[in-house]
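I've put the structures underneath this note.
There are two complexes below, and they share chain A, which is joined by chain B in the first and by chain C in the second.
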Partner chain A sequence: MGSERAEEPIHIVYSDEENVLDEEERNSRLFEDLEPASWINDEDTDVTTFFHRVDSDQIIYEAKKKRCKMIGKYVMGDLLGEGSYGKVKEVLDSETLCRKAVKILKKRKLRRIPNGEQNVQREIVLLKKLQHPNVIGLLDVLVNDEKEKMYLVMEFCVGGLQDMLESTPKKRFPLWQAHGYFCQLMDGLQYLHSQRIIHKDIKPGNLLLTLSGILKISDLGVAEALDFFAEDDTCYTGQGSPAFQPPEIANGHEKFLGFKVDIWSSGVTLYNITTGLYPFEGDNIFRLFENIGKGEYVIPDEIENPLRDLLHGMLQKDANDRFTLQQIRQHPWFLRKPPQTLEEVPIPPLRGDELHNMTVLPYLMDYHYVEDPASGQPQYYTEHERNAWAERGEQDTYPTECYPREWADQLGDLKSKESSPKKFQDDVGYGNSNKYHGDDEMETIADSTKRKTKRRPTSCISVKKFPPCKQS
Partner chain B sequence: MPLFGKSQKSPAEVVKALKEAVSALERGDKKAEKAQEDVSKNLLLMKNMLYGTSDAEPQTDIMVAQLAQELYNSNLLLLLIQNLNRIDFEGKKDVAQVFNNILRRQIGTRSPTVEYICTKPEILFTLMRGYEQQEIALNCGTMLRECARYEALAKIMLYSEDFFNFFRYVEVSTFDIASDAFSTFKELLTRHKMLCAEFLELNYDKVFSHYQRLLNSENYVTRRQSLKLLGELLLDRHNFTVMTRYISNPDNLKLMMNMLKEKSRNIQFEAFHVFKVFVANPNKPKPILEILLRNQDKLVEFLTRFHTDRSEDEQFNDEKAYLIKQIKELKPLPDH
Partner chain C sequence: MVSLPENMTPPLSCDNLGGVFGPDPTQYAMTSVLGQCCDDAGQVYLAVYLPTNTPIALKKFNMDKAKDEMDNIQNEIILTRQLRHPNVVVINAAFVLDNYICVVSPLMAFGSCRDLLNRHFTEGLPELAIAFILKDVLLALDYIHKKGYIHRAVRASHILINEYGQAVLSGLRYACRLVKNGRWQRNVHSFPSSTSRNLNWLSPELLEQNMQGYNEKSDMYSLGVTACELANGMAPFQDHPPTLMLTEKVRGFAPVLLDFTTCPQYSDTGQQNSNPNQAHGMPSDAINSGVGDSVGSNGNSLEGGGLASRRFTDHFHRFSELCLQRDPEHRPSAAQLLLHSFFKLPKRMNAPPLPQLLHPVIPLTKVVLGTESSEDFFGVADRLSDLDLNTCEWDF
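On to the complex of A and B.
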């Protein structure tokens, strides 16, 4: 450990529980647990040769540049979200000037997910032939073999039902709002079923919304297309989200009726968005499946009859007794729009922007109005300031103020003195670490043996600066 | 009472006045001009009650309920539709707007106007026959499609004799009427999946003998649109039984093979999507198999050169490759 340490003049201690720690970090955490006062003032101990105490206003970050980047005809914007398969960013189609979203898939990441590559291929094949207002549209697929990346250009959505639920105190929608989403879900599902597709992973997290409030069923990663001449909808595999699985899957039946699986998970979804609860819970997946397998659940008293009856119909333990799509569509609760009494739950703001403005614009501004990006004065801010923004709830906003020149000079000095080998990736970051908005261009030059999962903002001081990557 | 402008008429009064005016128009006596004016005026009043104006809100629910009730009792909706051709241009549009608004009205889970029309199916039949008159065809079309959203009304229309007139309407020489009729026709055959599947199964022979004529139409648009709709219907899983029946008839296969050779590339392409089902069928009846075998070499050669410029359409190329492979591997059934 000693020799490694010595190369690093300053080490900054972070405490972010969510991150996977590498060895270095784990070691530093050992020291963090000590009471600082007991050793930090003791000049004679060896420890202080490794660790200097750094005040939060001494740690400097460089504000990230909005450097314009294009993938095919699409201008990249900010991050919209992150899933297990990769990032989703906003893009602008430079030919039609329409907002789109792009799902960036890295082959490296996919390989580590069971069936990852297969699922993506399947999703692409399925999505390509589907066209319905309530099913997410796949518009374009771009592949960069060199970087082992795949870009799926999709319709632009501003958020999902799951994020909306989480933004409310009771984690549920007013009935009229839930009704609107549910009707759209049933329309989309009817279409999928008419195309012989069983989604198998219906849940609020997979239901997205456009700016105009149109619901889009997304994520067909585990969906199954029935054979064209299949007599019925028998399926043999299910790999959706556990809490939304029906008893026949929880009980491990060898085969089951596919369409009824989607009915069940739509039932759990409806239960969830109207009550804020789940019909079945369990400390672990075995308990959960045990509970689902029994098929016993309670609907809260506040849910009144037409809805209560519909939920019971959709959450029938025996798939043969469970409602069909037609029965749901004829159900009194489906037919009647509940009165609009409570206020609508809005789509939560993205990085403080309630209006969900187009995020591609700053990149275009940079491209068109900054003549020579190299001469542009970089912006710096300190850990102290970053914390202050975080307290004010602006942790995800970009700093716009300019910082004193000294910072830049000081930083330049530090950099020129630094001579350690290129050991760290150029992660000039900001924001809190689990919402990292890095430029994925940087990734390719990063030492890929380490730290591929979530990355934290890294101070300029301890980091060797790399020249920014050129666009492909 | 306000000094200027008329006092607010009650729904009952408006309905009564409108009914008298329409009746006068129907009789066509000397006062026709006056009657026309009264019809327009009262229709506008009625429309404003339902939709409001730029400076007035729509009427309260109670007033709307009264108006609906009066409309049902007086049978005015049917009268308006029967005399639609006599009403002036703006008036025709007002009728359609009033009709559609009243139709959408809900009390709880009930739709009273839908229930009312179920008891007066003559309204639907009159609307469907509206396609025969150029000047009211499009107005009737908007009302029909609103009706088709309700399963009960769609059912009445599908199962009526008048439905088969659509096979004629979609081919009329006036393009906008033909395409309006086609969209209503398509709506009726695709909107309510179970209802449509059942209808097609029960009336298979009649529907598809009529449909055959559309596919053989002189009119390019009719041929292309009907072929596309046929593909959609057969590929929809709800129509599984109809599909299996359709693909076991050798005449249908012959028709599709001929359409594959049509001059229009679009028709060729749509025909491909129906043709592929015949070939992919794992249980091909003997006559179908025989036709394919008789043309085995020609089909392979034809498909190999078929739409080769669609190189970026992966799905199409996969399907084409699959078909070629299937046809190459075809073997005659063993003789008994």
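On to the complex of A and C.
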């Protein structure tokens, strides 16, 4: 999130997201030309000669232009989230106008993660053959060998259960809402298990919601497909999130029953979304696994019986005693929807936008209506203003990302400049990327003056060079 | 031109035209192709139901070609069978033959409105004919909405006209339910699948796909676009790439009925080449500076021609504007629109029935087909297939 902002310091204008370095890289490069700060200890050195005081209204940002960029037939939008493997961005299918999400995987990054490339390959193979309303659908896979990038086009989701929980004070859902999600989770899980797939990483963070409120089990990165001739669901590896792991994995058993792993994680998930707590905690992973290994936990008193019994059944230390999916589906709590008493927890806004509008629209507006991308008046604002917006609770909401205002501007522009909507030139064929030097990813900016210079991105502070420092 | 006998009245419902139809494939004799539908996965045939010697329309879907559409087709058959309204398409029988799904419907003698526009009325239908057609479509929409469905594909090719001049709404395979788990939803959010061909008719709120969602008022917007299509001869946004169509709608640019009041420059010079779609809501000097050039003219023969002399009534203009409002809350419901003054025009102007307004189009009636003797029938059918009918959209 932090590496992709809507603004850049004025001295550095890089429009190409390729140049955005990872957080670590940025930090490491940022200070590489600075000497170790040993001189600060010099008695006679006045610190102020090295660190100029810069008022927040003297740091000026230029609002980043929304340049339309396409990958195959998909128009790129803004960032939706960031996983360990790469970014997830919104895209729009330019032919069907259907919103989608794309997971961008960089091979360079994958190599650094243990089993990274393997996990991705496995996820693609698994997702391709799956089709169920409660399992995220993989719609398209694009590969750019030159850039060593892979794009997984998936169904669009507006948010995940984890973000919703975090947006509420008590970090939990009303029972009726949790019940709805749990039932869908069980439907999806039953399908996965029927396809001989063990998810191994069920948790609120991997349960996403579509605009229609349909729950989608996502992130099959560590899932395992059982061998077709396997006698039972015995597994040997577990890679999921620690807090959701069952005792058999926490205790380091060599082999364990796969389906029951998902049942346990679903139990922890149900515990979490109904109480706002975790059944097992620990200061570090060792403590946590120690606690899970003991299998002792308390359910808060406010959780009453049919649900209490279900949680106990799902969180049985011995996998053989743990409920099966069929037992869960026949459980009284599962069968009966709790009364809709408390107010529904909504999906929290994305960068201040409660409606979760298409983030691709501003790029399309720029593409179709701004006559000459270079001539557009650059917008400037200061650090001071930015802080003020942030204080007013418009966190991460900067002018470039405010739809209504932008449209109003665009409309005003159109009237005053008498500029006309531009059509896609016919030679910029959608998806017809072969014409473009086999480059799958291209910028569809009308004028050819696109900057490709690789500049080093820097934070706004480092822009201000320290002249005394340089000399020493 | 075969005119209707004076005393001939349309039947209450078009499903009692030919009595009972069986699902036995051998009882249907296909004669000629009427048109394509569903992206070439389906073909519409003129056929005869042999036991009663009744001409019918038979739609064949190739199950191998229409894999993605199978769910939609299945839903269409199930839904259509549940509906019963004189202005909603009827399915008499549906069966599987080899790798085809066959759907039997009454023959619509005038074909679809898109056919009429393509073949005879390239500059648009007469206003009174549109009033007749849209009134029937509104009756159908009112019925469908009250049943808890949103049609999501109202367009000229989904409006069929039978020999009595009744308009019948088809294309129900894109419909979705507004009632979920027994509860009437305020809004739904699902984006229709395989809807690429309908995009130009869809409402801005449906296309936006945000948390607001959309409801049955979305169909009213599509009806407004259809009104423009029927009046102008070509569908609005026809030459726009989908993404430009999207931004135009989101910004609130609505299509308009093209006559000299909406495009005044035609009456002056008659040679301006800017796109009339852009004219609405733009300062007039912007138009004269050739703003619309890059959008491209659509090659419609209206330009500089019939447009200068044509004038739609204010009633019609107001009707389309009501439908095409950006905010769905402001759009009237189907029931409210049925009371609009536009629909009082035919009576006030003493309009003849629709078949006469469509003169010189010859409907495919029994009389024309001469089904009295089946030999003649096949003869006519052969002649029909010589005609250039394959290009027509008979999408129902």
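Just so we're on the same page, the second predicted complex is superposed on the first by the 347 of 472 C-alpha atoms of A that agree within 3 Å, B and C clash if a C-alpha of one lies under 4 Å from a C-alpha of the other, contacts with A are read in each partner's own complex, and residues count from 1 in each chain.
As a convention for this text, a contact is a pair of C-beta atoms (placed from the backbone, for glycine too) under 8 Å apart; a residue touches a chain by one contact, two chains touch by 3 or more.
Owing to the predicted nature of the structure, the values given are computational and were not obtained by experimental measurement.
By the document's definition of touching, neither partner reaches A:E302: not chain B, not chain C. Of the two partner chains placed by superposition, A:D283 touches none, neither chain B nor chain C. When the two complexes are overlaid on their common chain A, residue A:C98 makes contact with chain C while staying clear of chain B.
Measured by the number of chain A residues touched, the leading partner among chain B and chain C is C.
When both complexes are overlaid on chain A, the residue A:K128 reaches chain B alone and has no touch with chain C. Looking at the shared chain after the overlay, A:D145 reaches neither chain B nor chain C. Look at A:D321: by the touch rule set out above, it reaches neither chain B nor chain C. Within the superposed three-chain model, A:E254 lies out of touch with both chain B and chain C [touch as defined at top]. Against chain A, the residues of chain C that register as touching in their complex are 188-191, 195-196, 199, 207-213, 240-244, 246-248, 250-251, 278, 282-283, 285-286, 289, 291-296. By the touch criterion stated above, chain B contacts chain A in their complex at residues 106, 108-109, 151, 193-194, 235-238, 244, 277, 280-283, 314-315. Contact residues on chain A toward chain B in their complex (touch as defined above): 125, 128-129, 190, 193-196, 226, 228-229, 306, 326, 330, 332, 335-337. Taken in their complex, chain A has these residues touching chain C: 75, 92, 94-99, 156, 158, 210-213, 347, 354-358, 361, 364-365, 367-369, 407, 410-411, 415, 418-424.
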